[in-house]
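The data blocks that follow each hold one structure.
Two complexes follow with subunit A in common, the first pairing it with subunit B and the second with subunit C.
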Partner chain A sequence: MSQIDINLNTLVDPPHTDSISGRGFGEEYAKTIELLQKIESNNKINFIIDSQYVKAINDSFIKGLFSKIFQKYKTIEEVKKHIQITGSDYFKRLFEKNWLILQEIYNV
Partner chain B sequence: MYKFYNYTYQNHTSFSWVPIIAIVISILSIICSLYFIYLSKRIEIINTKFQKFCISNLEEIFKSTDQKLANNVIMLDIFKKEATDLFVEVQLYITMLTKIYPKIDIREIIRNIEEYTDQLYKKSDLESIEIRSGYISLKLKIFSLLYDYALAKELSLFARIGLKKNLAK
Partner chain C sequence: MKRLSKEQKLRNEILARKKFRHNIRRKKKNKKLANLNLNKSKVFYSYGVENFCKKNNISEWKNKRQNSYRIDESVNLYENPEKLIRLLLQILNNAKLQKAYPQLIFSGRIKFGSLYLIDNMCWEIAQKRDWGFHFQNINNEDSAILSKLKSFSSSTFENEKVYILNEKVLINRSENQLSNQQYKVKSKEITDLVVKGVRENSDPNFILDPEAYQAISSTIGEHFDNILLHAPDSEFGYLCGFYDKIAKEVQILIFNFGLTIAESLEKANLPKQVQKEINAVITNHTQNKFFKIASKKFTRENALTLLSLQEGISSRMVYDKSRGHGITDFIEHCFNLNSETKIALISGSTAIKIDNKYKIDNKFFIDRKRRIISFNQENDLFLRPDNEYIRNMNVTFPGLIIETRIPLII
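Our next item is the complex of A and B:
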């Protein structure tokens, strides 16, 4: 399993924009970086978020980014085998809370 | 003498439905009363449970943001992050509630939340009054959706007494 780094800092342009939002944008970004295909090819994806550049991420973006992943892999345990967050504890917690919501939604 | 005896005998033994009907009606009305007492108690208990599990706890989650919005001038940049944190907690709580009330439409609630928070993220400047009014209307919408789905749709009881259609609107 090889690791692929994806830097979310490239999605902001401070001081003009320092936050990321939008479910549609998250879904589009997942397609652009071929997130699902990379995971299916048994890669580990490392999302890098630097709090100096990214001040806030709305949960809508996270849900859009991971909705296809949770539709397929269903549980946080499975997703965590393929996804890693490198960033502040705040962002790690934010991603994990949203993964929990997605897990519950797709396991109904 | 014979005629007199015959007359009194007939008066005392003639069959009448009136007392029997009265007894049946009395029994039916007692059964109906007991059934409605049972229904109203059941509704009361289910409502109390819903109030405690759902409404009181959610209001507690909203409380600190409510106070901040009521008393201060709101800085959009700070509030964006705070709104995300608050509504993620709200979504998490409601997601857990769906284990008790599986017909709560969590996706519709999330859609409403994202609509509001994405608007906050898109704007570079927003008056405090606009942030506050959007927040209040979203909060009302969430509570309204919870009442609609959790109460009206979960309670077959309401369906039985014909309230389901009105409540589920």
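Our next item is the complex of A and C:
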């Protein structure tokens, strides 16, 4: 399993923007970076978030980004085998909160 | 007691009928005259505002107090949105029919959201005709705000007490969702203003908490996302950020014209299970006589709007069942930041106010645990909500207004 770094800092445009948002944006970004395909190819994806540049990530963006992943892998436990967050504890908790919701939706 | 003869009774009856018919004819004539005057008017607003007028039969909104309007503290989106919308309609009617400038008589300090919407409608009118207001009893703070607030375009204003940032945001519907949205720039400007305000007034080393960034970003981002996804005809969204340096309170007001929340849900092709549960709630309300038509205190539209606030209930669910979490997430972030947050949501004839009395709670609904807010002690969507928190207005706003007031804990 090889690790691929995805830098979410590139989604903000300092000094003009410091937040990442949009459900559609999340879905589109997942397609652009071929997130599902990379996971299916047994890679570990490391999302890098630097709080100096990214101040907020909207929940809708996170759900859009991971919706297809949870449709396939169902549980946080399975998703965590392929996804890692390198960022502040706040962002780690935020991602986990949204993963919990996605797990509740798709793991039925 | 003198008894009336049959003849007298008959005469009285005929007179009463005549009077009744005369009143109806007079009312019809007045309405016809008002419509005729309106048709003669050369003032036509933009599509959204004209639709707002049409939905509320603008011809009936002539001010009985001639050419003056009163505004006081009670005219605000949180406590009394109906009063504010009525005032806006009267102003719009006046501008279509009257030549003279009206007078706005102030009493006390007016909430910012009210000033903003009045200003916005006045700029709308001013684009169509020569227009202005004579102000009476206006206090210095409100006067300063109104003189600087140019809500028809981008503007910022700052004095020793307030920061205001205002933007008419073009909704970017380009195929490329990765392209930037203007609201994200404004979201950053608002958080920057708050940080600057606190640093200048109290703590030079102040750093905004991640939850505060998240709450402000969520307030703006989730609503513009909703306009993008649920209001396909809306070209613009209006965004205003207001920071009260003295009270240390952030206010964010966003509005757009377009489908109401209830219309959006009714038009949607929902998954069968969800539609079945929504129908069950509506049937339950009907059977329990929650929709009392005479009092108009709670209607089907109010119930549908409330259902749309719940986690995972969205007109876009058919595409993906993880849709429909934006409003719940936004409410949660604001209350995580400060339990004294106050939110007013107005869509169609429904006005909802949210504070810390009724909280979001995880409950089983439809097929899974969801974050639910029902506005009753039991937090049960099948029970009637508190009519202080979900109110039916006798006016309608075709679109959505959301006002969020978050006091910062510094």
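Following the convention adopted for this analysis, the second predicted complex is superposed on the first by the 107 of 108 C-alpha atoms of A that agree within 3 Å, B and C clash if a C-alpha of one lies under 4 Å from a C-alpha of the other, contacts with A are read in each partner's own complex, and residues count from 1 in each chain.
To be clear about the criterion, a contact is a pair of C-beta atoms (placed from the backbone, for glycine too) under 8 Å apart; a residue touches a chain by one contact, two chains touch by 3 or more.
Since we're looking at a predicted model, the values are computed, not measured.
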Specify the outcome, clash or fit, for subunit B and subunit C once both structures are aligned onto subunit A. clash
If you stack the two complexes on chain A, which partner ends up touching A:19: first (subunit B), second (subunit C), both, or neither? both
I'd like to know which partner A:56 touches here: subunit B for first, subunit C for second, both or neither. both
Of the two partner chains, subunit B (first) and subunit C (second), which one does A:67 touch, if any: first, second, both, or neither? second
Comparing subunit B against subunit C, which has contacts with more of the residues in subunit A? C
Of the partners subunit B and subunit C, which touch A:100 in the superposed model: first, second, both, neither? first
Subunit A residues contacting subunit B in one complex and subunit C in the other 19, 21-23, 55-60, 63, 94, 101, 104-105, 108
For the complex, give me every residue of subunit A touching subunit C. 13, 15-19, 21-25, 27-29, 32, 51, 55-61, 63, 67, 70, 88, 90-91, 94, 101-102, 104-106, 108
Partner subunit B, residues of subunit A touching it in the complex: 19-23, 55-60, 63, 94, 97-98, 100-101, 104-105, 108
Footprint of subunit A on subunit B - complex, ascending: 77, 80-81, 84-85, 87-89, 91-92, 95-96, 98, 102, 106-107, 110, 114, 117-118, 121-122
Would you tell me which residues of subunit C are touching subunit A in their complex? 176-178, 180-181, 184-185, 187-188, 191, 208, 210-211, 213-214, 216-218, 221-222, 224-225, 228-229, 311-312, 320-323, 325-326, 329, 367-369
